[in-house]
Amino acid sequence: MTLILQQLVEGLASGTIYAALAVALVMIHRATRIVNFAQGEMATFCVYLAWQMTVWGLPLYVALAIAAVLSFILGAAVFRLAIRPILSAPPEAIVVSCIGLFIGFQAMSLWLWGSDNLQFPRLFSNTIWTIADVRISANTAGMLVTLALLAGLLAAMFRFTRIGLAMRAAAAEREKSPYVGIEVETMLTLGWGLAAVFGFIAAVLAAPSLFLSPTMMLSVIIYALAAATLGGWDSPAGAIVGGLVVGVAETLGTTLVKAIGAELRLAIPFLLITLILFVRPQGLFGRSGTTRV
Amino acid sequence: MNALEIHGLSAGYGGQPIVRDIRLTVGTGEIVALLGANGAGKTTTLRAASGVLRHSGKLHLDGQDISGVSAARRVALGLAHVPQGRGTFVDFSVEENLRLGAYSVTSAQRIQDDTAYWFGVFPRLKERRAQLAGSLSGGEQQMLAIARAMMTRPKVLMCDEPSLGLAPAVTADLFVLLRDLAADRGTGILIVEQNAHLTLEIAARAYVLEHGEIAIEGSAATLSRNSEIQRAYLGIEA
Amino acid sequence: MRRPTLRPALLGLAAFAALACVPAVLPGFMVFQASIALTYAIAILGLNLLMGFNGQVSLAQGVFFAIGGYVVAILMVDYAVPVWLALAAAVAGNAILGALVGIPALRLQGLQLAILTLVLAALVPPLVMRFDKITKGTSGISIDKPEPPAWLPLDQDSFVYFLCLAGAGLCVLVMSQLIHGETGRMLRAVRDNPVIAESFGVHVARTRIATFATSAAFGGFAGGLFALVNAFVSPDSFQLFKSFEFLAGAIIGGITSMTGAFIGAVIVVFLPEWSSHISLAMAGLIYGGTLVVMMLVAREGVAGLIGKTLSRAGAASLSMASQTKPHPKPETRTMVLAEKE
């Protein structure tokens, strides 16, 4: 029992990473019907930027804040330069662009910082609490709190602010939005920027445990895809729940199911996606009819 | 000075012009009808005027040249458009629809006042303020669409087939509302309608589009009297 | 003014003859790469069939490619099966597997299938590692390249190249049989209007599954040939990235063009190579950037672009089928009125 609880806690920790990246994917998909699988590589690049700034002597949290702003700019710029011009092109063309971005950003990180694993500073203290034999680290707690905070902020923004409402409108009703004075492309650009920030946060949470390398997010994106599919591709809340479920399923599955084990941990997202697609294709939080392509 | 002046407006889809050389005016507080057969280019004219469709020609709103201005900016300047069909954001609550309508309004106080005002005009909407717009009846949605468009306190309101799919009694209510808007608030209103008969009752003037060009213009009274025109262009058997 | 009177078959033959000169003209290393490009072209041809006619974006081609590679390697090395039989097994095995994958795939929409197959493709290396008793894990399997018969004055690499060329030629023939004539009409009917196709007695689901199976068989065949060219298979050769490359190659070339499959294959094989000549450090950046820029200038694929420019010279006659794209949105007016009446 303790073992299971312990795995549950570990799973929630990695789940926060998947959730944050899944939120980024869902935000972009909701607004532009694109699955940006270069999101992880873009995020890794920005974590490298943050790391570089700490090497130059900036305090960690300052470096993170600056890198988050740069992520936003990067996401917005990628949309304006590479995606917006082909937004009306066949979906396959956009897929190739994303592959190009994927290769390009990975290569850029490799070129500037090399392929060695770099130690990324921990964000939270090393304290470990033991509650009923289950060890909970301050790191795990910190990650969960971070995610909860971000999710709350995002929800509040979408719900209560003028810009958030406009972003939702631009995503849901691209045709009608200009009739109320919303510049749709500006909103989509903001959406891509914001998504890039979420991707960046996912990568920052992942970096201390996965070590910083150009391919750090390669497997994370797989879990995030599973999380987004599980939650529903139009629901940020679903993405968060999906991320946590995928995280827990991963740790429980690899410890409890011998046939899977550590080697085949990537089978878990695959099985989850298969399951959800045949049981409830629109995802747990998705509404049917919105899964159109 | 006219609230809206359109000169030599041409527009179409994929390089193929649908409407050519449209010239029309809407005065302050005046209701103008844009009539014509199915496919004559009425909707295209409105879409071009509101800027969601690329066009050539000149538009002036309250004397200001808005020809090169984006659709979103035109809304902020006071040109409102209730598009055909459901002009509401169906996945958003009634209240959110009004907030969206007020997107280009910066004063929070004004938004609050106007929301209260429109809830006063449409108590049904107030009751359903937290409901999704998509769950409202056709008539309620049309009311919401107009309230939404009025949140910017526009100089000109363009309505595309507001009576479409509505019961006759609801349509009558709607037309009374439009007449009051023009009379009480001085809003210039441009209505596109299939239902020529009813529209001519509240309109001061009318234009008739044929094959993308303005074929006739005149006072509503003249048009209603001329049975020749009615038969030829408006499908009304006198 | 020249009229497009040249038969596509003649053009194809000319292209084939030109490709046959490659070993004589190019240096050894490039012959190796050209062979790899041919195997890619075969995999891409299969992917084109799936995307062009089922309208499904799949990242599973890398999976079938990997299975084909391993089937050939294991049969040849562990069971001493002759080359042709091993290749046939790779084709048959993948066709069956493709049909099995195709059945559930019928129920999935574009995005869903793309994601599922992407994750499946990522799962290949871990699966290879998990079953290392058969696959030899990371150490991989070395294969003896097939020897040219004594009467042929060819070195081993050139022989393998010709083997691939023959394979590619065969695939092009099979493909043109499929997309022209009665079968092609059926495929297009299923793609463009499944309901009407069904009413004319075409079994839509069966046709789609068959398309999936054929596409997978192409992938398996390509993977088998790849194992021969490379003389070695290991998880490294079958990373998720391979599926990305096939997809990119297919789309860059143009998904409805057979010529495009070859152009796309050449681009994804040689572009990284060329960019590393420009700058080793920035190779990936140039590669990735080129893909992005390519889509900005030629969204319908390079073959489409070339086809448009050369259409008068008849070069476009190799193109598979005119891509019928329905207008994104019919005029709302007519729709609404139709409902009312």
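For clarity, chains are labelled A, B and C in written order, and residue numbers in each chain start from 1.
Please note the rule applied: a residue touches a chain if its C-beta (ideal position, glycine included) is under 8 Å from a C-beta of that chain, and two chains touch if they have at least 3 such contacts.
By chain, with names taken from UniProt: A = Amino acid/amide ABC transporter membrane protein 1 (HAAT family); B = Amino acid/amide ABC transporter ATP-binding protein 2 (HAAT family); C = Amino acid/amide ABC transporter membrane protein 2 (HAAT family).
Please read all numbers here as calculations on a predicted model, not as lab measurements.
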{"item": "Per-chain CA centroid nearest to the all-protein CA mean", "value": "A"}
{"item": "Selected interface, A-C versus A-B, where C-beta contact pairs are more numerous", "value": "A-C"}
{"item": "Inter-chain centre distance, chain B versus chain C - centres from mean C-alpha coordinates, in Å", "value": "53"}
{"item": "Separation of chain A from chain B, taking each centre as the mean of its C-alpha atoms, in whole Å", "value": "43"}
{"item": "Rounded Å distance, chain A centre to chain C centre (Cα mean)", "value": "31"}
{"item": "Chain A residues touching chain C - in the complex, by the definition given at the top", "value": "35, 37, 82, 85-86, 88-97, 99-108, 110-111, 218-219, 222, 225-226, 229, 233, 261, 263-267, 269-270, 273-274, 277-278, 281, 291-293"}
{"item": "Partner chain B, residues of chain A touching it in the complex", "value": "162, 165-166, 168-169, 172-173, 175-176, 178-183"}
{"item": "Chain A partner contacts - residues on chain B that touch it in the complex", "value": "50-52, 70-73, 75-76, 81-83, 87, 89-92, 96, 99-101, 103-104, 148-149, 152"}
{"item": "Chain A partner contacts - residues on chain C that touch it in the complex", "value": "51, 57, 104, 107-112, 114-116, 118-120, 122-123, 126-127, 129-130, 240, 244, 247-248, 251-252, 255, 281-285, 287-292, 294-296, 299-300, 325, 328"}
